[in-house]
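Questions regarding the structure given below will be posed in turn.
Note that the chains are named A, B, C, D, E, F and G in the order they appear, and that numbering of residues resets to 1 at the start of each chain.
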Amino acid sequence: MRTSERIIEKLLLICAGIAVLGVALIAAFIFAEGWPVINKTGIMNFLWGKVWAPTRGVYGIFPMILGSIYVTLGALIIGVPIGIGCAVYLAEIASPKLSEIIKPGIELLAGIPSVIYGLYGMTVIVPMIRKVFNNQGFSILAGSIILAIMILPTIINISKDSIEAVPEEYKEGSLALGSSHWQAIIRVILPSARSGILSAVILGMGRAIGETMAVIMITGNSTFIPESILSTARTLTGNIGIEMGYANGEHQKALFATGIVLFVFIMILNLMANLIPKKVGE
Amino acid sequence: GCSGQPAQNEPTPEQPKEPEKQSIVINGSTSVQPLAEELSNAFKSKNPNATIDIQGGGSGVGIKSAEDGVVDIGMSSRDLKPEEKSLKEFKIAIDGIAVIVHPENGVKDLTVEQLRKIYTGQITNWKEVGGKDAKITVVTREEGSGTRGAFIELVKLEVTEGDKKVDKTLASAITQGSTGAVMITVAGDANAIGFASFGSAKDKTDIKLINIDGAECSEENIATGTYKISRPFLMLTKDEPTGLAKAFLDFILSAEGQEIVAENNYLKAVK
Amino acid sequence: MNNINSSRNKEKIAFALLWGFSVMTIIILVLILANIIINGISHLSLGFLLEEPRKMGKAGGIFSVIVSTFYIVALSTVFAAPLGVGASVYLTEYAKEGIMLKIIRFGTESLAGIPSIIYGLFGYSFFVVYLNLKYSILSGALTLTLMILPTIVRTSEEAIKAVPKSYREGSLALGATKLQTIRKIIIPTAMPGILTGLILGVGRVIGESAAVIYTAGSSLGIPHSIFRPGRTLSVHLYTLASEGLSRENTYATAVVLIILVFIINFVANRLIKNIFIAKRR
Amino acid sequence: MTRNYFDNELQELKLDLIRMSSIVEDALSNSINALKRQDTDLAEKVIESDDIVDKMEIAIEDKCLKLIALQQPIAKDLRIIATALKIITDLERIADHAVDIAKITKRLSKEKYIKELIDIPRMAYIVTGMVKDSIDAYVKQDIEKAKEVSKRDDEVDGLHAQIFRELLLLMMEDPKKINQSTYFLFISQYIERIADHVTNICEWTIYGVTGEHIDLNE
Amino acid sequence: MSTIKIKVEDTNLYYGDHQALKDINIDIYEKAVTALIGPSGCGKSTFLRCLNRMNDLIPNVRRNGKIEIAGTNVDKYDVILLRKKVGMVFQKPNPFPISIYENVAYGPRIHGVKSKAVLDDIVEKSLKEAALWDEVKDRLKNNAIGLSGGQQQRLCIARTMAVEPEVLLMDEPTSALDPASTMKIEDLMEDLKKQYTVIIVTHNMQQAGRISDYTAFFLNGEIIEYDKTENIFYKPIDKRTEDYITGRFG
Amino acid sequence: MTRNYFDNELQELKLDLIRMSSIVEDALSNSINALKRQDTDLAEKVIESDDIVDKMEIAIEDKCLKLIALQQPIAKDLRIIATALKIITDLERIADHAVDIAKITKRLSKEKYIKELIDIPRMAYIVTGMVKDSIDAYVKQDIEKAKEVSKRDDEVDGLHAQIFRELLLLMMEDPKKINQSTYFLFISQYIERIADHVTNICEWTIYGVTGEHIDLNE
Amino acid sequence: MSTIKIKVEDTNLYYGDHQALKDINIDIYEKAVTALIGPSGCGKSTFLRCLNRMNDLIPNVRRNGKIEIAGTNVDKYDVILLRKKVGMVFQKPNPFPISIYENVAYGPRIHGVKSKAVLDDIVEKSLKEAALWDEVKDRLKNNAIGLSGGQQQRLCIARTMAVEPEVLLMDEPTSALDPASTMKIEDLMEDLKKQYTVIIVTHNMQQAGRISDYTAFFLNGEIIEYDKTENIFYKPIDKRTEDYITGRFG
């Protein structure tokens, strides 16, 4: 190989390396900043501690962990069936024309900045819940609804792609054996698209857990262990987002420590997504 | 206040290299920030060459940054603690902390004691304080906020337990990241109670200001101390201000500057 | 034939349900857009776009915010595009299967999954504090560069991978060098896909607030250099919304954001279509 | 290619050849027997059987060509079929010669033979065996046997020469015997020709197996 | 071989404005292999898909004329029943990405067979019919995707057998396979025609020659010539047929 | 399929057949001329040319089979080749008969002929024309011509019968003429056989074109 | 036809531990078509890719022995020069998604031809050689993807011609094409061999028979038999060759 080609290859390697470097740096800085607080508090106290009072040095993020889990689960429970249903409808049932109309809509849904979802949640969803349940409105439910909407495009698009990636032959094969279309969907198409749908759900979950601004605007951010889906709650991201502006010193480090937990959460999800087999079959 | 940026250190933009400093950076309390913006706009219209960057950060940040000298001026929305007293402090305004409820809320008066009980969860229903039978929605600011700091101090939500001061605020209280968010929350919830900078809250029609211990929340009562929950807005410098910083501070404290303070519903610090 | 009838009935019910879900999704979209646009469109004017904000954005327009947004978008694209495309070329064309490739791939995939707030934390502690770039357009752009890198790498990688192996072999078999092949065949063929990736990246930059607010700051002035802080549209919208400063300006800003997203989607779609048109012709 | 099917077809083809050759053999020995016994009925039968042989030739030929058209055989498969195509031509000629003999038989049926027929039947007997064995060699793809069979042609040629001389003498002795003698002369020549056809069959068989043309006459 | 299983009369088919089948008249015989040959786009697949109404899936398809299978008009059948009766094997082997067993059991299951024992029997019988049993009997639980192309195609045939069709449609069933697998499938077809009516589309002239009893030559949506295969291949009547099969076409 | 190439090969094959047939025609007319003129050299030439014909037969046969193996023709293409395969067998037989005639010529070269040869050359002349025309019909795939050629066989048969009777008479008249007469008898029969082969060629030609077997003898 | 263009001696090739070519010895003749046949995986493509060193692209490939093209060892060539000299056409037509003109001009351009006039000439000449000129001369600016499969393959041949190779390697060049296009390519090959040394891999026995002068039969990485095509197809010597070509294999 010629020298110029070699040099360029090395340059390209550096480009590629930056991604790794990025992750390493992110991990390093978040850990460097946050670890001392966890260390000082004790990892168990930090994770299971039920009181968050940073101004007097009490850092327990259990409520936020629960908050994240509740809000995310809620979003999945609402978003996954709708998302997958919509994906199935678009990929299998809708006429190409209809599909062609709906598709950009879903892309738009994906492109809308999270702040706008937050705005909408704050001005529409929260008051609605307040009215219906006669409570404060800010709640896990509100967060879940908005997050469900936010992860819909992720779930719809990836599921739809993986359903569409199921070879047409499977469907024809099933129909040719005398199955109904719905039988073909349930028994052949969805199982074949299973791994894609699963990664759609996991990616949606990642998006839900990671969302910050919209959540801050609608869940109420209280630092207690939520009692029901109508309770207010603070998520891990919310905890960082809402206090980062005012924190300093150890308080700020405690927020980085929250970041560590979030980071680990996300990494576990990433690993899970990676473990899902990519191809139909094996 | 604006949600603003994290505190610590000196997020100071690079200084132009001219000898006469035409640019200063201010950060700190987000409650003071809107007022500071107004003042700086007025100042800049008179001194077109001047650049003033105003960042949020919170009172704590303002105090620390000023101490570290990484900003030209720090802002605080609460009194300095004794250990912070080394700073040059300029009281530019006085702000009440208005306790706010939904306009339809029947309750008009609360005592500091009732307020304390509400915020610690001892009183949970409006009927206990003379209102209708409804659960109280408590709204507070986040930990670290100067407004919250002043409020818990004034309402005595802070109790000393052993050698520590413990903030007894209800953990289930809705926590909002800014004055505006608190107001929006209260405006939207008939059963909510919250607190916010008087200057920001005064003109709002979708919230109602509560009398504390019988005193109406007004400039007058705040000025006289009849209304008990108030705090100063401070501008802080490490050393004697010079150059543009001095010019700006002078402008603020001038009659013209103080007029702007008043226009913005804060009490003039300099009569 | 009971069997057939019952499966027919099940089918009908199921399809109705799925139809309902799809309609619901679209209704949601329409509701959100309608809510934002109805509330905001009347306050949108040329003046709003060209005036500087006053009173913390309570009054005035969003000119400085648009300028800051433009800076951040331009800068992060300028950083991320060569990096991302370069990385994807390396990954697809040079990297050999092995631990190295696995690590890099894990790196990009992880980057893609990390929530923006973590980028915010990192950007703050690394660019703002550690590299002492302070709150600045530059800090924000660098942080966002990292954040959109995986999007660009992935889409470019897909686009490059979609270039049939046969093109490479065809070119090499004619005696072209690897670099010639990449430059003359692979990149041009993958270009629409790469551009789509870039545009999606731009979309993310425009929509992002959590990562920007802690790195580029929220100063409302027009940034006169990339070393000065600035406030992007998203951050501005977040501030306006959560402060409840001005309902009108909040919604008007939201409409501007949505229109931007609209345009970006449109352009990306056109590019995607072009890929197919080129293939079909 | 559906080998099973094709292999079956090849087998079938060989059976057809055996069937055809056995009819030809019968025709040949019947023609000689008819000649010996002056049995016109038998001679008639031989003449009639020619029709069957002709039909069989066409049928086998069709089968071969259709096999080629449909199965597109190559290498040995093709050679086996090509060989069959050639062999049936020879078999058909042999049958024709049997008919020729039968026709002469009918013509001479009313006459008393000028001599007892000994050498001609002997020659015919040898040749009939050759026909059978040559087909056997083909079916078994047995080169050695094919070579052995073709060697017997020498004996036939010898007998033919002897008969020729004898008959010439007879004719010269007694002009009355000329008519019959010429016929016997023809018959002897027919049988000799049949042996030549058998040699051809043997050559084809060897060609089918090896792909080499060899001349077994030398 | 001479019972007529499928009777097609005066059938025309249009995709929108495009007429893909023109006045098709053909009788297809029971227990025989009928090959459809013709240049690309001549309507072979279209014709095949008329027989089990797979064309119903395509919008804007119009068909007229009469198609009878076993004496009943296809349009009179419930389409699910029709497709059960008229099995189809596709160009690319398309086993479902589930176990070998489940692939074969799929059809019976959707048609309501629940009993494990019955299913076991069907699976074994079908796999045997498709000459695959011996190769897979020890790994019925394995995913079908793991099979070789030829095995997959035989699995698809077995899957079709499992619903006990009477007619078997095959659209270029070996074009995606290597020669050895092709041979196996062709051998299998010899057996299948003992029980089923087999219609196969093929681009491979040799294949049509080797395996079919009857051959129909399609051109531009018309049947130009239909006869015993040997005649088509040795003595075609129409010049176009001859040109096509000898490669003089186009 | 590379039609151009294949079509060229078919053309080539036809040319080969024409070449072979012209050699065979030459052999035939030479053999008769030699007979007439008692020209042993010419007879020798005829005998030698048989070798060429045999080789040509094998060569054409090889070419046909290789064409089948390599090009896998079907329908008419295949029939043309199959027909060629059959026709060369007939041509080769015709050449053999020419050799037979030449051999007799050599044997009789020292004898004075018992009669002037008129009918035999006439017959040979007709047959030579038939050979040429039959091949022409094949090359041109001309069914009508093939039929016409085969009709001339009747004339040949007539001549043969006439010669047969004449010679029998001659022999009976004079036993010394027996020897020569038998030879002339054989020659006449050979020529008659050649005409039969020509009829075969015509039948093949028709088969090649139509795919139908017809019997032109009836 | 009897000049030796390519001489391969004692060549072995390993993919890691797997030996894909075993002791290959073969002389390939100039201006003739040599066909490589053999079952899937026997090493045909591997052998072909040795000749223009496309195997260099694959990691862990080891090769020994000597391969000479036009008298020079391939390893002594600059690989770029070698590939210029030894053109390759692939199984699936792979025109670049640029204009027809640019496709053909690509090779000359990368080898430094800049003049528009020269390029025009090369393009025209190459397209003519590939028997495509008449079909495309009016739409040289159109995207090559718009051509039919057979045209695309001829374009690829033209593209290869444009760099003036001496040897043309074709790895199953018609397996993705319909019969009519296949015929065109086969006809073209008749012409090409007048100028080039052509080596073609094919799975299609008939094709090998039809178009090649020499045939090499590969099995498990070895050359079992190499001879004139007519001999291989009519009188193969090795039983395995015969079994393979008659379909008795496996």
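We adopt the following convention: contacts are C-beta pairs under 8 Å (C-beta built on N, C-alpha and C of every residue); 3 or more make two chains touch, one makes a residue touch a chain.
Protein identities per chain, from UniProt: A = Phosphate ABC transporter permease subunit PstC; C = Phosphate transport system permease protein PstA; D, F = Phosphate-specific transport system accessory protein PhoU; E, G = Phosphate ABC transporter ATP-binding protein PstB.
What you see is a predicted model; the values in this text were computed from it and never measured.
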Given chain B and chain F, the chains that contact each of them: none
Most distant chain from chain G by Cα centroid: B
Which two chains share the largest set of C-beta contact pairs: A-C
For chain A paired with chain B, centre-to-centre distance based on mean C-alpha positions, whole Å: 35
Centroid distance [mean C-alpha coordinates] between chain E and chain C, Å: 49
Between chain F and chain E, distance of the C-alpha-averaged centres to the nearest whole Å: 52
Residue numbers of chain G (touch at least two other chains): 183, 206, 209, 233-234, 247
Overlap residues in chain F, where contacts from two or more other chains coincide: 1, 3, 6, 65, 69, 72, 74-75, 78-79
Two or more partner chains touched - positions in chain A: 122, 179-180, 183, 216-217, 241, 244
Inter-chain touch pairs (all): A-B, A-C, A-E, B-C, C-E, C-G, D-E, D-F, D-G, E-F, E-G, F-G
Residue ranges of chain E touching chain C (in the complex, touch as defined): 78, 80-81, 110-112
Residue numbers on chain A that touch chain B, as the complex places them: 51-56, 63, 122, 126-127, 130, 135-138, 216-217, 220-224, 231-232, 234, 241-249, 251-252
Chain E - residues contacting chain A, complex: 52, 54, 57, 59, 80-84, 87-88, 90, 92, 94-98, 106-107, 110-111, 143, 145-146, 156, 159-160, 163
Interfacial residue positions of chain E with respect to chain G in the complex: 39-40, 178-180, 183, 203, 205-206, 247, 249-250
Residue ranges of chain E in contact with chain F within the complex: 205-206, 209, 233-236, 242, 245-248
